[in-house]
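Dropping a structure here in structure tokens format, bear with me for questions.
Chains: A, B, C and D, in written order; residue numbering restarts at 1 for each.
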């Protein structure tokens, strides 16, 4: 049985993650966004490491390391370089106002909590709060993806979703394959980032703003 | 026994189709395929006739391990199937015989030969199918193969559209039947007809099934307003196929309706007997009016098919009305009338289509305005068509009259019906029937007169040549049958006895013992008709008169120019044209029925311009029913189409929306 | 049986013999009503004989159908007339055709006539046939509605049965019967090309229908057609007589006196009918062709009404 | 006793993997094509061997009656597609759409895709299955983008993003399932193994299951192409090489649907949980209606049939959602036949696009006149996909509609009507494509019609006669799915 303190710490990290997701939501500058994401990844890796510690599951440290290394360090740097290379205008034009996005975010958190309510406590160490935190992180990430007009911020949003998943997966005590899954996911993310590179390097798209990208579709209206 | 023979016939037909597919390019494939179809259909015809006349052999069933796996394909040969098998295979044999000659002129045999036998097989299979799946399978297969035949001349303008509309309507009808059988079979899926008979549906379900069956079978038979495809598709096919579609396939549709409503559906409700005859009557009148307005020979024939289908459904509806009130004798009479008319129509409609085909091959024209005077160049064809025209106009002593007379007799029994609605409705339907009969007379005076009589309107018409002997053989066989069925109707009515017995539980009095082969549907004192005597008298008195006149008065005659009230003879263009012939009737009915608009452009005196008369006919069902549907589909498609052109973000929003919605649903549900 | 055979034969002869006379009689009456002297009664016979003796002049474009048609038309009409009880019921072959069949027989005759009109390929023939078919397309249903009314009442479409029924007590005076009678008269006028629908006495008039169809006919062919139309007029009068005034018709098995009485009664009916026809025709004017549809439409409506009212009166 | 079985399973996985490695090295493209076909054939042979011998379920892999159906189907279609791709890709090489290097890459990826799908089908572990599906998705993404035209890249990018989001959702659902199971069967692999999950599903916390199913349905439903998650599907089909379109429609969608079915069986094993039927019925019906209307405005022939795939996936999901032996049987059969038919159609379409040099339907006319065999087989394929006899899909649609009508008339009517609407669109296009006067480019076809003939032959045969053994087997599976 795990000490309540340990659980509280875990909750702390989870709550912190949600908080950082919110911070992601109201970033309106590219650099700020990326830095915030680095923070996001950092929090995740910390919580994973904590889980590894309290569950005595050393393999989770790998996940934590991956999260820290790739998502907190490599990818932010890569994104910064992309921005510099592509000269993407610094500001991120949102689809709807930041304020509205925040409101929606709060609604989402409420929704995720309501969804989790009926889950009985016998679900185990990862109590419904943590699960609802993870769910909110995922939903906020989705919201991020659809409320920004810009490929980079979409990638960031996606990666924050992934962090939420990692949070949930590592929180699920004794879940096998977590490491494999996180590795697989990191590959995925890496591919996405490389994808943006590809697009740019092939000189095919003047911008990485998605709404310009879709003009290259096969069948035009 | 007979059933096995029929199954083998179907196999042989399919084999013939395969042979047609393989040999299509070869020389001599045409006579091979059509000859084979002729022989096979003849065998099937004999089998059907034998089993109809020797009712002992009826009721045989057979289950083949194909089709729906755990059910197998059920086949059954009962009186109803046997009768319609006679119709189908008679028409099929005639068409094959005709095609032996006509098929030579086909420019793309590869598109006809494989599908023609398949089409025949499909129709035959529908008739012996005894479970829902096999029935619908064969039904749709029939539609599909005939569609392929319609598309045979796909390069001719309009044919593609016709084929499209045809297959679409056919599938719609199949859907209706599918739902009907779904209701009949129930969730457990008892698709076999026997199982359905065991568990007749409740009244409400039966009503729905009736409507669905009316839609499903009606869309194939061409009931107004489901008829729109028919006048487009039937003429588009090669003529022998047109004959099959118009003369025979519509009968398969009638069979489907009878099978479902009379056999599977249990006792009818009285209002069915109001609905069906009304639809039939409207169909009959509308059909013949549209036919009158046509100048395209084959399209005219197709519309007249719509009319005759209407007449058949009048009879069926009356049978329902009587059966609902336990007046089994009357029901048997009405049913017999309807079925007999189905048989007759298959005869003369095929005959007339063959005539149109012969004209088409020898002149290359279907437009009556460009024909005329063919009776001089193609006397035999003209004679056969004259018989056909007289028969389809319900003139004694030919067969068309007999069935319509029987229908009238059935209508005259309506006062005995208890329901007031029926009391009033049925005579009104009788009025519609009388109207359509008279109008069809006008219609075929026009069709025959403009095409064969008068003076040739174009060079092609004046250089026409008599058609080949196969076609003539086919036409004269059918013409002879028309006369035979007209003067000896008793035998045909008796042959129908088992059907009436099976479906209504009653029979007309046996006809063949009556002296002079009179037919007496109910009682001598009530009504009777004797085509044989009439025929005999007419021929006798005509020949006596001719004899007397030529013997005792002058027999001299000389040729000269036409008198024409002393006007100098002018070009054939001054003849009455098809359009002008139907003008009075258009003036009388047209403004109401198809909102006919006439624009006369009469130049002022001294103005050299030619005066023009322009007539616009609107197809009302199309305007009020089909065009809106098409517009609706286009509208929806156009608006949904925007979803194809969202940004990725938009699509992600969709996903997000779906997720959130489901989560909310979940919270609400919990 | 033998007697019936004789009656049948006599009937056919009587019809054939009386038809031209009736035509002459009507013409004479009309002339007198117009204050003219008019042709002698027997003029129609003379015309027929003269026509029969003349040679036939055929248009070049006339086909075999043109030459066969007159005999068929005559035959069909004659057979139809022969099956209508005129002076006596119990004809040998009365079961061969009921009222519907008789109407249809006339329809066959008209079919042939219309085709013959189209055969030569002149504009007049076309006008004639097209209008004839238009008229028929309304007259025939109206006629059938009349048949319905009567048949629903008498429970039979067999003319002899109907006649017997009408003589019986169960009839009484009925609204629907009156309507049916009116409708039948209107149809008869139209079918026989009488005023106001058509004018048998004129030529070279664009409104003519029947005459336009037979414009190309001459000689014996014309004679046959004329005779047929005489018979047709007689037939309609006898139908009206047999259905609505069946009095005095001899029933088979009665003595010779009865038959003579029947003959006398029949002659009387014809005289009255012809007189009424003549008066009517002189009284009113011919109407435009496209008014005819209204005229006959009215007849059709009357017929339908008669049929429907039957039920009402039946409850009463 | 079933060492053989283990070997077979191992072979099914190892052969494609090795094939991928080897193909990446083969220089000569023609030999590469043949090798590709050969490897696929071997895999297919091994899959057939599963019929006689199957191993006991292990912690990671399982072979049961359900997935054997899918495995044999996908290996078969994989084989025929590789044969088709041989003749197709050669042409692409001539026309310079592909370079040799990319061709090698293509072949390697093809086998990699096969490996991914087989793994997903064979896996007895929800996590492993998730990884496998992701692998398959990634390979297809790469192959969709292989032509490197802007349109292709756009399609690939869209597919990639949407697919990744779907994957994420699926993963969350998987985690939830594990959490639900853990409290019952304890930690570790057992809590992710199918057989264990299904066996103990009735003891799980229903709330977890419900939430999990929502995420799994959406996650894997994205791969199935259910509306509104379908957006990637038409473009991915249209812009990639045709063999990939065939594999996507014929196989990948099935694999995703298979995953959904697995979880559905868990759901329905737990009485307290929310019934999965209504959700699937709703999404399926939505897809059918939507897709059948979308068919009308298509200009690109491959997009047309991509949307028809969405429609049919909708039908299948609908059938499984309705449940009941009859509907499940029909759904399984429909899925199998649809894979065969649709891939056959795409084979034809590929050749058509090559001989006409375009995918715009407006520029393709009168194929039956210019290329009889090609035109008629395309026509036959469309007839089959439209659900007309004598082809097999008529039987399945007959079963689905009739069995539904007795239970939920309104749904059946909606379904039937939209099927007719779809038929209308397909026939309209068919008229234009195969009838009328041919015009435009008319290169001769150098195509092997063997795959097309094989597929359509099977479909035709299925419409007329189904071998009793197969029927019994499918019926058994259908009962399993209840």
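Simple rule for what comes next: a contact is a pair of C-beta atoms (placed from the backbone, for glycine too) under 8 Å apart; a residue touches a chain by one contact, two chains touch by 3 or more.
These figures come from a predicted structure and were not determined experimentally.
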item: Chain pair with the greatest number of C-beta contact pairs; value: B-C
item: Centre-of-Cα separation between chain D and chain A, whole angstrom; value: 31
item: Computed distance of Cα centres, chain C from chain B, in Å; value: 35
item: Rounded Å distance, chain C centre to chain D centre (Cα mean); value: 78
item: For chain A paired with chain B, centre-to-centre distance based on mean C-alpha positions, whole Å; value: 69
item: Residues within chain A bordering two or more other chains; value: 115, 118, 142, 145, 154, 213-214, 217, 219
item: Residue numbers of chain C (touch at least two other chains); value: none
item: Where chain D touches two or more other chains at once, by residue number; value: 157-158, 161, 165, 169, 207, 211, 234
item: Interchain contacts (touch definition) - all pairs; value: A-B, A-D, B-C, B-D
item: List of chain A residues in touch with chain B within their complex; value: 95, 108, 111-112, 114-115, 117-118, 139, 142-143, 145-146, 148-149, 154, 210-211, 213-214, 217, 219-221
item: Residues of chain B that touch chain C when the two form their complex; value: 372-373, 375-376, 379, 386, 390, 393-396, 401, 405, 408-409, 411-412, 415, 420, 423-424, 427-428, 430-431, 434-435, 437-439, 441-442, 445-446, 448-450, 453-455, 516, 518, 520, 524-530, 533-534, 537-543, 545-546, 549, 553-554, 556-565, 572, 574-576, 580-585, 587-588
item: Touching residues on chain A, where the partner in the complex is chain D; value: 115-116, 118-120, 122-124, 126, 131, 134-135, 138, 142, 145, 154, 158, 161-162, 164-165, 168-169, 172-177, 180-181, 184-185, 188, 191-192, 195, 198-199, 202, 204-205, 213-214, 216-219
item: Residues of chain B that touch chain A when the two form their complex; value: 641-642, 644-649, 652-653, 655-656, 659-660, 663-664, 666-667, 670
item: Interface residues, chain B side, partner chain D - complex; value: 65-70, 110-111, 132-133, 136-137, 140-141, 144, 151, 154-155, 160-161, 163-164, 167-168, 171-172, 175, 178-179, 181-183, 185-187, 189, 191, 633-634, 636-638, 640-641, 643-644, 646, 648, 651-652, 654-655, 657-659, 662-663, 666, 669-670
